[in-house]
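Two complexes, one shared chain (subunit A), two partners (subunit B, subunit C).
Coming up: the complex of A and B.
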């Protein structure tokens, strides 16, 4: 590609070497963690309809490893995918080696350590209970440090570059770095109680807003913006033609990062979040369609005149499907943010289908395409088997279809069943379980789709391994470029925008300001204006036993399948009781509204069933609800609750503003035992002998407390 | 005082108008910004992923 415009006059050519070793390390991590993350996903896809597949092991239970799957897919698979792509493209776009090999290695090993710590802690129930932010406070600090190391290495590389202009991919990388830092730090403000336990400083509806501002933007700035940066670099490379419209990419970038940050509240529609915040979430989500589709068209149109290549080249096949999946997911997202659609989709498998179009299609296929392009290049050879790569493409593509279609079916079916009334005006499917057993065939088909997708990824692992074995690795790649002139004047007819786009630090600050606008407008009023969280006099702090039970509820991952948020629909208030009020959650650190109802809502579970029912149900759900797909939690009957940190927990709650009496931590244990003994005595009347210190007693106390503060009438049975 | 101002303006009617203005304002700004870019510069910038993009 030749151009004739002299934008700068550099003549002194400098030689340097690109570091491919760090790229290769992240590539290996991407493939290995990708396969492991998918395997965990596959395990839970089977466990959801065969709960006994946990083999009675607590840490292998669905509710323990589902968060491991989500964290693994996002931070281990896509995370390492981001890093290998950034380390490869950034060096070439900046015409320089990465700033520091050492920082690169600290970043690599630090990130792998974080993943290993997640693999150990999350299944063991060491969790904050906040989705995609489950890691406890020491790991949160480590994430911050390692992220800063990555940021320094990246920004210093950009600063010492030999190319005046920062290509659009770099903008996406910078926005990713700064926004993820802001999101992670603000959402992870927590008060440690012990080395492995903390409480978020936010409670209830405020915690929900911060969490979903984080959660949604983890999708935006971890799964989307960095991958768009990769698309803008690797798609032109693979197609051997420049991006269709660079101007469109500029609009895509600024509009996307500005609008994305506002959209979080669409995860909380019909909740007790104030209406203004919900509406902002909806409005900005719909706006998102414009920049998202601008980006999708920019990607697809880059291939104009090259579609013949797409037929032949597995790399382009993967990239085309990835970009199409991006377009589909970003069309569906705004639709799901419309309240009337959300009323049907929320809490169902529709959401699971939606995110898998994104992660399997967009992130997965973009990663696979780039891997098939980059590995032969780094090993100076051809791909071991193009045929196998094509087979991977079709197996993976079919896998996605067979994964998502049944879940769309399941989600809509279940939601309509939840809302179905008889002609007499009562719920047609009053027993929640009926709506679950109805969709089990869909779960079975989904697991077939997942198996196909996983198989494809394994085939890729083999193909890449064979390619590596057959080539010779180019660890240090010779390159040369003229040094940037120290003094630089814009050419005549100055291009003003380059003032920003040629200066990384002002650019970073500009991106920070743009993403802070939406964040501040949504979050600050939630904390400053009292009317946003009305208080209810009848709502009292949890007793020490209930608080302990709540921590067990969080640790067991109950929130992965049960919501605690009754929406203001007749179908929900009839099934579960009065709709949720923000004042009910003011002592909930963290909030536990959940995002998926594989089981029924529990917001007003208290008093619905006797203690003995909960005892038997937790021991063996099928004994109380034949056909239930809830796993057995029989270890709760034999394990003791950890009471050593109970006083510290009470003190932490007092620090966070929960109105316990002064020095209550001194008597908390006495109150704990008194309440526990009451439940033990009640169970004894039902012929159950259990000791008061067992976890199940605390959990029953918590479940029986749920929603009772303002409960007025007993609703119909679920 | 800041809290009072917030309490008073935080009604959805106003928020709706503000978000509409922000949305169009943002797009208008970006469009103006993009339109003013020199075509030759765009050709240069879009060629950056390729090796031969120097301007000697």
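Coming up: the complex of A and C.
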């Protein structure tokens, strides 16, 4: 039997062609979106200390384009990077052409359409307000469809493979597909109010848990597992030697995917999430260190005896730094998930530094390395300029260092300032702004690092373009391989063999996803409605005006800089007021706890300042807080709030379990005007003339409501 | 906090499907040989060489 397999193989040699066109499309998209995404990032890096750089344009303001940058870097740059890598390596690993050229093209153009829609909607404030899941419901549906197209194309390619063994990279791709599908669907269950507005069915602490279960696993299964698959394919190829230990790569894979799913709650340490769930997140995060470092060592040790090549070859240089950055980020992650470290790092620039080690170092440099390897190969030529690639390496590498080091410094400095008490037991830096102006020099240095990194990426664009121009593209690559022997026998008998031959697992997984979509959409909202009622009697639903103001708060992206979560530390309760209770957030669709305090926490903002202060502050923050880095939101003074969908919003909230009176949507507008007029009258006393339907009135109403339900004592001024 | 039940069920569902995939992989003899696959992927680009050999044989 053992002899018959190779014999048969030789007679069954089949010729076929690899499709390089689809690979090339995704490569171009990766480079173009990568440069655009970095440019947006660079813009906000300057805006954070020169807020006037929005030129007074709403859709160019920090809070509008920061989500565009994060989505662009993750889903446009890394997303297209995943796809070109998968479409190239999967064909070769399976010794077959992709299952369908048409599905590939639908996948490509569909994904680019999603990105374009994101570029249009996010800056305009059409957002769900959930980080890294900001896209509104019609786009969410489109993402699901395109993702399934990708999945079918990939799974069918795997099924018709000519190589029985599935190389470890393929497993990483499968895990990516399955998990991202599930995460995206569960986190995006939302109730549409209009074409461009929806509310997540989850509220408050539940929404937070789902969001960070998604958010962390997006890091795990979008930025990590697919790129590990790419590492396991392209690193051995570029180094021309097998992976250090194939056995270790298998252990790496299975250990990683089993542990990653449970680590999400580490984003919610010291929040009002139950303590046991926080501890669960911490424990699993620390466990993750083992498989992550197993993978890092496996990558680095692959180069044993080949370090002389690393000195010469820019491709390997990029890959080595990428894998090292992976190791650094996956060491730092578990450390940040320890409560005592998290108490310092959370809400500061430390987090921003951490993710940039990951994305600039791991994802960025791995992508660059692979691009420098693959483009000359596809164009049957040499890289246009190895010198320029080396220059890119050093500029990019320095860029990362100059980006992250100041932010570590800034994060720790600011956090310690937040926590500093005088010998009298009062906050030493009671004015939040002092802790901001202290770190502005770090922001300036960071933007220099970002500029360097961006410059490097542009040099790469030039280099790759010139390489393409100098070569001739191999669109259809001839290949041949023996057909998969049908007579392959399982040692354990014929019945089992037949079942296995039918490959039930991919179908099972596909079926699982279909079932999940249905059941999640049906069951989850039903299941949650009962719990969407406050257990704290004093906590009441938002008035129509406050709800409208809240939607403006979300649309303006206030959550990108302001948290709404007071942690149970003396330094925080003294600065902001009583710590957060889970019962306070039950009407918050979506939750707005935030993840970064570029400005102060707003959970108990209500009643802290008069209405007129907010009016002047939103018009020009520097007029109230000299030195503030908050941009002006002066369009709020002139723009009208959209009241046409107010009844629909109230009805949606009722559907989600918010206890408004019956038929309240009919009288909501009357209540809206009544409350708006009281604020207008109050502002008039301060000499401000403004009409009640302006956005600013609703936003002030919301800000004045924040945290007042259970506010007991007035905290010290910030 | 009832949503945690949903998440735990979904996460367990995924973990179980991964476990199923793992059992499939092991029983399909995917991991019988933990060395050759690492070397084999290096060779597949030299397909042209194989083709020439085949032609010579013919």
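We adopt the following convention: the second predicted complex is superposed on the first by the 663 of 718 C-alpha atoms of A that agree within 3 Å, B and C clash if a C-alpha of one lies under 4 Å from a C-alpha of the other, contacts with A are read in each partner's own complex, and residues count from 1 in each chain.
Methods note: a residue touches a chain if its C-beta (ideal position, glycine included) is under 8 Å from a C-beta of that chain, and two chains touch if they have at least 3 such contacts.
Here the structure is a predicted model, which is why all the values come from computation and not from measurement.
When the two structures are aligned on the shared chain, A:51 is found in touch with neither subunit B nor subunit C.
By the touch criterion stated above, A:287 is placed in contact with subunit B alone, subunit C being left untouched. Once chain A of one complex is fitted onto chain A of the other, the partner contacts of A:478 are limited to subunit C, with no touch recorded for subunit B.
Once the two complexes are laid over each other on the shared chain, residue contacts for A:261 go to subunit C alone; subunit B is not touched.
By the document's definition of touching, both partners, subunit B and subunit C, reach A:236.
Using the contact criterion defined above for the overlaid structures, shared-chain residue A:607 touches neither subunit B nor subunit C, since it reaches no partner. In the superposition on chain A, A:279 makes contact with subunit B only, not with subunit C.
In the superposed pair of complexes, A:541 makes contact with neither subunit B nor subunit C. Of the two partner chains placed by the overlay, only subunit C lies in contact with A:205; subunit B stays clear of it. Subunit A uses residues 92-93, 163, 165, 167-168, 233, 236-237, 242-243, 246-247, 250, 254, 258, 481, 496, 524, 528, 531 to touch subunit B in one structure and subunit C in the other.
Residues 1-7, 10-11, 13-15, 17-18, 20-22, 24-25, 27-31, 33-42, 44-45, 47-48, 50-51, 54 of subunit C touch subunit A in their complex. Chain contact summary for the complex, subunit A toward subunit B: residues 1-8, 89, 92-93, 163, 165, 167-169, 232-233, 236-237, 242-243, 246-247, 250-251, 254-255, 258-259, 275-276, 279-280, 283-284, 287, 290, 481-482, 493, 495-498, 517, 524-525, 528-529, 531.
Subunit A meets subunit C in the complex at residues 13, 92-93, 95, 163, 165-168, 171, 174-175, 178-179, 182, 186, 202, 205-206, 209-210, 213, 233, 236-237, 240-243, 246-247, 249-250, 254, 257-258, 261-262, 274, 277, 478-481, 490-492, 496, 500, 504-505, 508-509, 512, 516, 520, 523-524, 527-528, 530-531, 582.
Those residues of subunit B lying in contact with subunit A across their complex are 2-3, 6-7, 10-12, 15-16, 19, 22-23, 26-27, 30-31, 33-34, 36-38, 40-50, 52-56.
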